[in-house]
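When the chains are written out, they are named A, B, C and D in that same order, and each has its own residue count from 1.
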Amino acid sequence: MKAKVHITLKTGVLDPQGKAIEKSLDHLGFDGIGEVRQGKVIEIELAETDEAKARAAVEAMCRKLLANTVIENYAIELS
Amino acid sequence: MKAKVHITLKTGVLDPQGKAIEKSLDHLGFDGIGEVRQGKVIEIELAETDEAKARAAVEAMCRKLLANTVIENYAIELS
Amino acid sequence: MKSAIVVFPGTNRERDMAKALTLVGGTAPTMVWHGDADLPQGLDLVVLPGGFSYGDYLRSGAMGARSPVLDAVKRHAEAGGYVLGVCNGFQILAESGLLPGALMRNRDLRFICRDVHLRVETADSPFTQAYGAGEIVRVPVAHHDGNFFADEQTLMALEGEGRVAFRYCDERGLAAEETNPNGSRDNIAGILSANRRILGMMPHPENLVEPALGGTGGRPLFESITEALS
Amino acid sequence: MSTAVPITPEIVAEHGLTPDEYKKVLEIMGRAPNIVELGIFSVMWSEHCSYKSSKKWLKTLPTKAPWVIQGPGENAGVVDIGEGLTAIFKMESHNHPSFIEPYQGAATGVGGILRDVFTMGARPVANLNALRFGAPSDPKTRHLVSGVVAGIGGYGNCVGVPTVGGEVNFHAGFNGNILVNAMTVGVAPKDRIFYSAAAGLGNSVVYVGSKTGRDGIHGATMASAEFTAETEDKRPTVQVGDPFTEKLLIEACLELMATDAIVAIQDMGAAGLTSSSFEMASKGGMGVELALDSVPMREVGMSPYELMLSESQERMLIVLEPGKEEMAKAIFDKWELDFAVIGTLTDTGRMVLTWNGAVVGDLPIDPLAEASPEYDRPWEPTPKAADPDLSGAESVSWSKALVQLVGCPDMASRRWIWEQYDHLVMGNTLQRPGGDAAVIRLDDAPGKGLAMTTDCTPRYVKADPVEGGKQAVAEAWRNLTAVGARPLAITDNMNFGNPEKPLIMGQFVGACQGISEACLALEFPVVSGNVSLYNETNGQAIPPTPAIGAVGVLDDVDSSVSIAFKGEGETLVLLGGSAETEGSWLGQSLFLREILGREEGPPPPVDLSAERATGDLVRGLIGDGLLSACHDLSDGGLLAAAAEMAMAGSLGCALTLDGTADVARLFGEDQGRYLVTCPPETAEAILFRAKAAGVAVRTVGVTGGTALVVNGEAGPSIADLTGAHEGWLPTFMAG
């Protein structure tokens, strides 16, 4: 299977990258731009074929390594 | 509207971060891990309400700033 | 004082740290490899030095915080041992939960290497006792991810318990937005654990301990630990 | 499979081989080559690997001195710095890749030059970078500066080597073709230097580092040779640097080098496995057999052609002593790097490539190397420039001109750049960026230091390649001298346009001549270098830029001085130049360009014997502790130098010049001069020693106050100067 882990900053955590992109888009003359936030996607190829088991494994990966839950949320998508 | 821009490295382009994550998951005892690749998601709030116009604007943002098309691909999702 | 420096793949300021510890403290630290499950016996101080453990990939300090040696560092800390984390070491301490908060990308997104001024916020710690409280010192920073974040509650606890060790300021001691090099909340440059035996800080005291290098602002930190642990 | 690709004239042409060159290929092979073999000829005979246009002239450069241990021809040059230590260094260009993808192009440039240095057994101790960008007004410039600087920092900071110096120019002549030249300096024990010549019949050839991917394989070639439906997927890709792996590779290689396992070692740079294996075998007079299927691969379905031509980064090739494979593998395992025995040395004099047991390439090594083309391209000298039009100079206010100059793109502070570089890691940086040369101390030799700098003034070289070539070397020598170092040797990075044009070739020839003259006169040989030709866009060549990287040694590092004024009431002394022509040279000066808007005239000539006498005197004065600050005069002349010293020390000065202080005397760029300070009571001794050495000398003022004053006329305050100087680059980059 393939897992896609979406990692986003929690609301309330200032996102320097997003802010910088916002400013740059503004400089470039794009208007009507509201908030910009930047997140990560980590794609993982898995040997596991059982969806429930795969999800549990990826959950564990997120908690142990992929996301820093002090500042980040994560969402898992399997295919 | 809200745009989500998914930015991924082109196939064949080395992804040192992905490689390192792969190794680290391995060390943590996760097995059956194949290739890991890391990408970005940029979420942009847009004042534009017309979907076609919004898409065209975000396309332009991707080409001008958000993606480095020498090494990255991008995909736009609107909602 | 018996000290050890943990070396991760990608660590690059371990020699700087060893030089400073040896120069000021008089004894050379032991180098411990990240894969080791145990720390040397009878250790007083563990140092997590600066650098780019695991290339700073994924998040700075993320992979270092999950390496086997960190379990030993945690045991050392739980037993009341002293831990110093500088720059990448601070990032690892935050990632491992030994210190609260997180270190995010610098506000201006650029790596910054330059001297900054710090206000010593508390002299009540084994790491800062040789400074005067409120003293202003000059030391360098060299980081890309030094933007300290913590939620309101954590910040209140840190402030309330006097656990903010250093704050970025100007040469007169003014801590303001203009004197904040990286966007850290409340200009925080370094914090202590609840038992005050763990210090994490972004600046590099080890790089300014001799007049030949341009200053000695980092020296009292090493004098403090040496005295506390002798 | 790739070997089945038919070799048509089009494919030959796409591999960059002329019909004549292909005829030679047929002669050497005695048959038509297959695609793998053709690829190998193509890269080995490329300008980059064969130096076919430049070889003839590079051979004329002086390369010897008693302290030179290894001159050009190895991965990097090696000089003796005493106490059993050597300095190993080289500079290399990554111009084109940096224009295409500034971050990765510059980053991999740093990675490549680091490997050239640690491959010889040195621990890298400092990086420098010489950068040339287009005009600030060019829409691409900001993006390129931002990406290149971030890339250099991103790589160097991560590997933990301080980036301590460099230079930056902005000129419209670089609009479509920026220059990114990176330099690394390393230190190794004299008795543990590693070379690349393979030896020992039957010895293992070992591959270490990262896996091989399809990075940087020549685009056009690949497109027609191999691509069908999956073109998009197999498209050659930009090289991406992995500084983390490089850091591990440095540590692993140095660990292996501390044992006695290595016979020869070579990094895989441009043309990857092909040039590294070929050069190692060729230098050692050996044959080599490589089993390409054992090369660690990053992607599935890679062909022998791709494996031989890939430019994946962070890889090395090693010939091991017999029986050392296990021990070596354990080291690379510890650092979690790939390690594979991929071949053996033979005595056949041939390179034989196999793929799952079948031979896919078989070439003779010596004939291929010996027949590598060498051209004596026609060249024309650059016509001498007419004297510049100086009209308007009389009415210029020196005070305003000075503020404008210190804040112009070519003179403004580069702080915005060097603050993105970790210039302090390793804890040995004694003189940080911002002075004439960076100074670091050495862990293995307390009290000793190394000084380093990069220099070149393209506008001088363009106006007169010979004088400009001389000037680049002389300025590097002067910058080392100004911090008290004994200059040892240089590395040169020759960036020019298309050598097939006689005027461009003439620039190259002229620069070589000027460099040679200066090297001989200053006993400052060339020990390594790099040539980058065809730097053109739309037929417009870049300004010729022979960037010089230089290294000097300080036996007593505590004696070094910086450019900053140290205290009030010190005497300013000007040393060098000649009393008659002092300060009159405005041809090609920054003043002429920035204030009068003209790029004209011949550049200032360099009097090499006066240069030598003045520099030797200055170094002696510094060594004897007589000077408190020292700065050589370059862009912007006397007044600019005084302003830089004043800004560095946050202290003003009053200059008193005999006669009238016209702009030519204030801003002229006459060569071979230093502005120094000393306590007033020491001035007499300096004047005496200068006269004894036959060096022009005059006291020109005194430090103090908060402004720059000339002959009693108050000029700008130090605060205003600093505002202009520090303001330009950050403001420009904030766009």
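Annotations
The working rule: a contact is a pair of C-beta atoms (placed from the backbone, for glycine too) under 8 Å apart; a residue touches a chain by one contact, two chains touch by 3 or more.
In this text the structure is predicted, and so the values were computed from the model without any measurement.
Two chain pairs are in question, B-C and B-D; the one with more C-beta pairs in contact is B-D.
Farthest chain from subunit D, judged by C-alpha centroids: A. The mean-CA centres of subunit A and subunit D are about 41 angstrom from one another, to the nearest whole unit.
Here the CA centre of subunit B is 34 Å from the CA centre of subunit C. Computed centre separation for the pair subunit A/subunit B is 10 angstrom, with centres defined by C-alpha atoms.
Remark: subunit B and subunit D have CA centroids separated by 36 Å (rounded to whole angstrom).
Multi-chain contact residues, meaning those touching two or more other chains, occur in subunit C at positions 54-55, 57-58, 63, 66. Listed for subunit A are residues 64-66, each touching two or more other chains.
Each of the following residues of subunit D touches two or more other chains: 242, 244-245, 336.
Listed by label, the pairs of touching chains are A-B, A-C, B-C, B-D, C-D.
Against subunit D, in their complex, subunit C makes its touches with residues 9-10, 12-13, 15-16, 19-20, 50-52, 54-57, 110-114, 140, 142, 144, 204, 206-207, 212-214.
Note for the complex: subunit A touches subunit B at residues 6, 8, 18, 21, 24-25, 28, 30-48, 57, 60-61, 64-66. Partner subunit C is touched in their complex by these residues of subunit D: 150, 153-154, 157-160, 242-245, 247-248, 335-336, 418-427, 429-430, 432, 441, 443, 557-558. Note for the complex: subunit B touches subunit C at residues 16-17, 20-21, 24, 27-28, 38.
Here subunit B touches subunit D in the complex through residues 10-16, 19-20, 23, 68, 70-71, going by the rule given at the top.
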